[in-house]
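Before anything else, here's the structure in question.
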Amino acid sequence: KRQGFPEVIYGEGKTIEQIEPIMEKLIEKHGKVMVTRLDKEKGESLVSTFPLAHYDYTARILLYGKPENYYGGEVMVVCAGTSDLFVAEEAAITAEWMGCKVKRLYDVGVAGIDRLLAFREEITNADVLIVIAGMEGALPSVIGGLVQRPVIAVPTSVGYGAHLQGITPLLAMLSSCSSGMSVVNIDNGFGAAYQAALILKLVSEGVNHEIVIS
Amino acid sequence: KRQGFPEVIYGEGKTIEQIEPIMEKLIEKHGKVMVTRLDKEKGESLVSTFPLAHYDYTARILLYGKPENYYGGEVMVVCAGTSDLFVAEEAAITAEWMGCKVKRLYDVGVAGIDRLLAFREEITNADVLIVIAGMEGALPSVIGGLVQRPVIAVPTSVGYGAHLQGITPLLAMLSSCSSGMSVVNIDNGFGAAYQAALILKLVSEGVNHEIVIS
Amino acid sequence: KRQGFPEVIYGEGKTIEQIEPIMEKLIEKHGKVMVTRLDKEKGESLVSTFPLAHYDYTARILLYGKPENYYGGEVMVVCAGTSDLFVAEEAAITAEWMGCKVKRLYDVGVAGIDRLLAFREEITNADVLIVIAGMEGALPSVIGGLVQRPVIAVPTSVGYGAHLQGITPLLAMLSSCSSGMSVVNIDNGFGAAYQAALILKLVSEGVNHEIVIS
Amino acid sequence: KRQGFPEVIYGEGKTIEQIEPIMEKLIEKHGKVMVTRLDKEKGESLVSTFPLAHYDYTARILLYGKPENYYGGEVMVVCAGTSDLFVAEEAAITAEWMGCKVKRLYDVGVAGIDRLLAFREEITNADVLIVIAGMEGALPSVIGGLVQRPVIAVPTSVGYGAHLQGITPLLAMLSSCSSGMSVVNIDNGFGAAYQAALILKLVSEGVNHEIVIS
Amino acid sequence: KRQGFPEVIYGEGKTIEQIEPIMEKLIEKHGKVMVTRLDKEKGESLVSTFPLAHYDYTARILLYGKPENYYGGEVMVVCAGTSDLFVAEEAAITAEWMGCKVKRLYDVGVAGIDRLLAFREEITNADVLIVIAGMEGALPSVIGGLVQRPVIAVPTSVGYGAHLQGITPLLAMLSSCSSGMSVVNIDNGFGAAYQAALILKLVSEGVNHEIVIS
Amino acid sequence: KRQGFPEVIYGEGKTIEQIEPIMEKLIEKHGKVMVTRLDKEKGESLVSTFPLAHYDYTARILLYGKPENYYGGEVMVVCAGTSDLFVAEEAAITAEWMGCKVKRLYDVGVAGIDRLLAFREEITNADVLIVIAGMEGALPSVIGGLVQRPVIAVPTSVGYGAHLQGITPLLAMLSSCSSGMSVVNIDNGFGAAYQAALILKLVSEGVNHEIVIS
Amino acid sequence: KRQGFPEVIYGEGKTIEQIEPIMEKLIEKHGKVMVTRLDKEKGESLVSTFPLAHYDYTARILLYGKPENYYGGEVMVVCAGTSDLFVAEEAAITAEWMGCKVKRLYDVGVAGIDRLLAFREEITNADVLIVIAGMEGALPSVIGGLVQRPVIAVPTSVGYGAHLQGITPLLAMLSSCSSGMSVVNIDNGFGAAYQAALILKLVSEGVNHEIVIS
Amino acid sequence: KRQGFPEVIYGEGKTIEQIEPIMEKLIEKHGKVMVTRLDKEKGESLVSTFPLAHYDYTARILLYGKPENYYGGEVMVVCAGTSDLFVAEEAAITAEWMGCKVKRLYDVGVAGIDRLLAFREEITNADVLIVIAGMEGALPSVIGGLVQRPVIAVPTSVGYGAHLQGITPLLAMLSSCSSGMSVVNIDNGFGAAYQAALILKLVSEGVNHEIVIS
């Protein structure tokens, strides 16, 4: 049995000359590769070199190949609005590329609680939730209170002043009064999706240990 | 017309020997006085000196005398649970002592959104709202979205680790996505109540300027 | 009766392609819309698409339509000098667009206390005050001591070094020795104006609760 | 089907007089209750009131009752040494009380990598891992690289100087180069265990959604 | 000509056993000595050993001996209220002990600008000013604007929450819009007085260089 | 007698259109004006408008006119090397323009203590010292120990990493073990020079108060 | 050949019951052991259990046994005064216990540069230097400039206000303009001594690699 | 005997006009010079002026001349991947230029512990180690546990969000549980190499002091 997902390239600060050979090696070895944090110019240039690759402008991700395994269950990616879309799509596309079904819920925010609660059924039906928020980062606390499933919270760098480039929602999420929630780095949609996929992978593969009645 | 509320004594770090003469002077001048941030021992000692005074153990406030004016309208003081009570009561008692009617809503938190929304009518009927929260400080954002009245948010020092003694909810509230909300210092129930009272005072006294149709 | 002000678009980081459809929808629904934090280029482009709109270069705000309601009373916007003008005008124009009469007092600073006190009568006559300050953020403390009306303080990002992009005046205002003052995020002229308008709206509409003599 | 774990009492800063009635209510409703962050004195006093309760001196937790459901799989709790034991045991006891089998691996640290790797098989066999570290917080990064299962990292307040009461390992864990890892608040063994239990609960109950082959 | 003031002992964290021999040596050499940051118990014990010494309870300073030189001019020490007295007296007593005449102005704060301005003549007559403020630290900015003499600002640790134990007024004073002002460490009344005395010493001794007409 | 130095324009963030009318007004009123923090392009443009003005490329200052008064004594401006020159020259040129004689000592740093001490006589002869340092900010501590004259320390933004854009030397200078030293904001050569000039002005004008023998 | 120094026990927060068995095991295995950060009470109690052990009150260290190897060369431990003695002695005693000759130079500070330079010969003769400083942390920069030997800098928690419990000298030392210097954690005399001993051990054992002429 | 390495020029923020004369002077005096933090454009321009100089594009260093002395032993420079190469090469090239043999180990990271341990023999054979890490900065802790030689840790600015431009790995390294490790400023490959060279220089020259058997 394979040991997990083929490696992913972190594109930030890498030149095309550095990325191309790594891509080639990974494609050869795994038949697939993903590059995150890749700007438009580099993305388009790499697509012309690797015509089977696809570049997503919102997520700033380059994709090549398909998932090796598909996992049962559904990852729900929730965010409040258009400003956090780049993080939400980084999460959604990563999770899909790793073999997860993804449901996007992108038009809800805590200041409009009725609109959020209109989706209560979809929310409580999700198997794993990635909840993305900039500003004060309150959304995961509210959603965490609605569900009995793991919530992975992602603070974003969207805000100004006292928001401190995302440090504020990061600290707020870590201080959340909602149980069952954990947090990843600012804007790290990729990391949240990776853990969500590991959870669905565990469900698909089953646990190593029997139930115990102590 | 008088220029406002008689002065209040900030008790923190003051000795009984320092507080007594100030109290006497203010009682003589205004017939009333309030001492905030007063610990139990000092509170009880001052009550034995000023038998007409009352000491509140939760708010840690000493009260003497009655409001000079009563203002129409209602200040609602909202908080999530028992840990933030000391701030909530500092706010509530200050507002009452300044002549405001106060409604307390103390058992609601964003992780239990249904319980909070069960009080939606009371919340939307309030004239001014003081919303107190420790931990991640999300409550004012949700309430701000429900009302069209001024919300004054108070972060509290209740939490640990990433909560940074209240700096985290303070910054979160300042970064809130809810409009119409302003913020006071950590644990400053007094300050929030003072501004809430100024707002109801303005309503009672009326504005200085006519409506303009530009 | 309507539940408040029509929504406002936060222009920062949004493309023209994202803003146009939102504007259209809001104009259709409310007959009016406002876009804040909009740079000159986008502002001019949107004016050519919406010829009835007006773009303000100092406040970086696009306005379309007129207030639905006009409120009695007057919001005074106070700041020290030319550097903070962009925040002051964001506050002033927002308040006007929401139906408030605005008085600007822009040439006063605490280092020239006589000039400030020359306007004492105007200041004490204001119904609500928005006080804007960069640097050390001392102006709201002095003004708060002159008035018995609500003061909303706005720190600005204007300064250098120990000023920490506005964190210093923000913290200073929160620590103010003046009572009756609350604070909004750095450069958040919009938020201050929104709350000021809510206060005058409350005065115009009247409170929900009778005066009580406890 | 029940909506999750019965509520837990956060004991910090609560008096015995406040805790007792909440315990009674929860025992009546759920037949079980847990109180965290409870000091020795209060713990022993509550045990004399509730003789069926058990107080753990290391974890500072009071337990009453048994899990309603037992989940398959195993939570591994890993930490480096004796100083972090109080957090490790908060995690381990919480997870057990929620129905999980727990394996403790307490004598491993990154500065003695051979000793850590001696347990490689146990580590890679775990279904969910809670990795606790004070000081520089490096342990979760190393373990995350060994496994393809979800890792929940817990920074602790154990350290001095540049360690900043746990802020340093917290930020380090959030910046980890290991994928598949998320983080909870400083010393929050409870929160990590809660999410680990939610993951095993999901495995036991199964996902709501079929596998999709896109 | 002597090279300046005899050395001063910083008492914080030193035992009586450590302080006594240093005092003896300095008395022998200079006929005078001062110990700052000395708590009551140690102060009283040292007075019983050195009967010619005097201990000041507010400033927490032990004094022995008289100034060697007296300087012309006057240091004015200004602060807002009783909470900052311990810093103000540390400054005043240090300056006096170094040979300066000191004028205390202790009952003025920016929130009561009229009371402050009632002393305008005394303030503008001062030769050097030490201005002490806790909370938001605004007082030096206002006073700096009134005078054409050097202002040394001292932030204090008196405040709570966003005040950050004095970091907030420290940063605020450094960001002041008033020219001609410099700042010393939090609560450092001694350091401010030392520099003020150096300025009056310079005046008394005269400069080394002639006037130049470039 | 005039109340001090004519006002100075802070050029940062002001347009030429804003600066020109202020310059005209000040020239008319005082016959002189200075603009600080002015970039090369604006500086040259203003020189073409005001041919009698001079623009200094290192200090980024525009000067117009001569001092009204010349003060006896000498300000020494000390810094370690070429990187801090822009701050040193802002200080030196400001002090000269205000009527002070300035001595520059620009090639000394604490890591080469012998070279610094080679100038000991010049240093101890100075009447007021402005000591400028980036990096760890140690220079003022060493110099403060050599002299019995006021030292005004200026931290600079020159450094990287742990230097935090000047916050590190700022805090270090405030924590200095040298007495008689005060500190101004990061890069604030202007402010240091302003206070130095006030000190020499005081010497020239003499104090208001006689020597007292208590 | 043995792999290094026997392990050392970090006593902070450990009970006597936890320390005793670890000591026994290490004594059995290595014939020696050291416990750091041990308070007086525990130290004396352990001495009564292990009569061959010695407890140092200043360094707060318990020593048992002698070095296995003695290394050539000399570690010089430098600090400014009595307040930093506890860190200096932690360093000195650790280095001695590990087999190094130690020279103490404890009465020198940058504000008295002549006294420091009186020891220039001893300083330049040292083989490795541990330089300890609280306050602004300037001492290592000056000493680093005098020598061509490795300097290990130790910031201490001794100071107040802007000193931030040692964060300020820590950052200052990291920003030092002196080359050849590295830094350890606040108050970490042990760590500095450990690295100094590793350097002398390397000298004693010789390098693994020949000189190369490239 | 000469007192050490010829001076090095810190290129950041210096113009070509400033660098050229300093280079000339140092070449004349020492026959060699090194310029660090030099961008490509300036590097190439200086090479055309000094044809014997070599510019390294990764390290951003200009080299002129050869080491005066060659030292025995080997400096190992370790880092995890391509992002930190610019710091690793700054360290490696500096050490070589100062006369040290350097071994590079650039493809190891703590998340792939097996690959790192594949080089265990090379690592334990190194005489001095420079370990470079961005992200969470865990690599030096693991390597420090493998060796009994001095480890100099260098945090890098490579990372995002909670990484705080390198402050996070800096603090983590200072809090490391590995003994025998010290730390230099963020990205300071030069400083680490300088100290490593001083250590090998000490080995080559021998210590000044005999072994002592106490």
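List of remarks:
When the chains are written out, they are named A, B, C, D, E, F, G and H in that same order, and each has its own residue count from 1.
As a convention for this text, a contact is a pair of C-beta atoms (placed from the backbone, for glycine too) under 8 Å apart; a residue touches a chain by one contact, two chains touch by 3 or more.
Quantities reported herein were computed from a predicted structural model and do not represent experimental measurements.
Under the touch definition stated at the top, subunit B and subunit F share these contacting partners: C, E. Chain pairs B-D and C-E differ in how many C-beta pairs they share in contact, with the greater number at C-E.
In terms of their C-alpha centroids, the spacing between subunit E and subunit G amounts to 37 Å.
Centroids built from CA atoms put subunit H at 24 Å from subunit G.
Averaged Cα coordinates give subunit D a centre that lies 41 Å from the centre of subunit H. Across the assembly, subunit C contributes 161-163, 167, 170, 174-175, 179, 185 as residues in contact with two or more other chains. Contacting chain pairs (ordered by label): A-B, A-C, A-D, A-H, B-C, B-D, B-E, C-E, C-F, D-G, D-H, E-F, E-G, F-G, F-H, G-H.
Across the interface of their complex, subunit G is touched by residues 3-5, 8, 70-74, 96, 101, 125-128, 148-150, 152, 170, 174-175, 179-185, 190-192, 194-195, 198-204, 206-214 of subunit H.
Subunit E meets subunit G in the complex at residues 10, 12-14, 18, 155, 157, 165-167, 170, 185-188.
On the subunit H side of its complex with subunit D, the touching residues are 80, 109-113, 117, 135-138, 141-142, 144-146, 159, 161-164, 167-179.
Here subunit F touches subunit H in the complex through residues 82-83, 158, 160-163, going by the rule given at the top.
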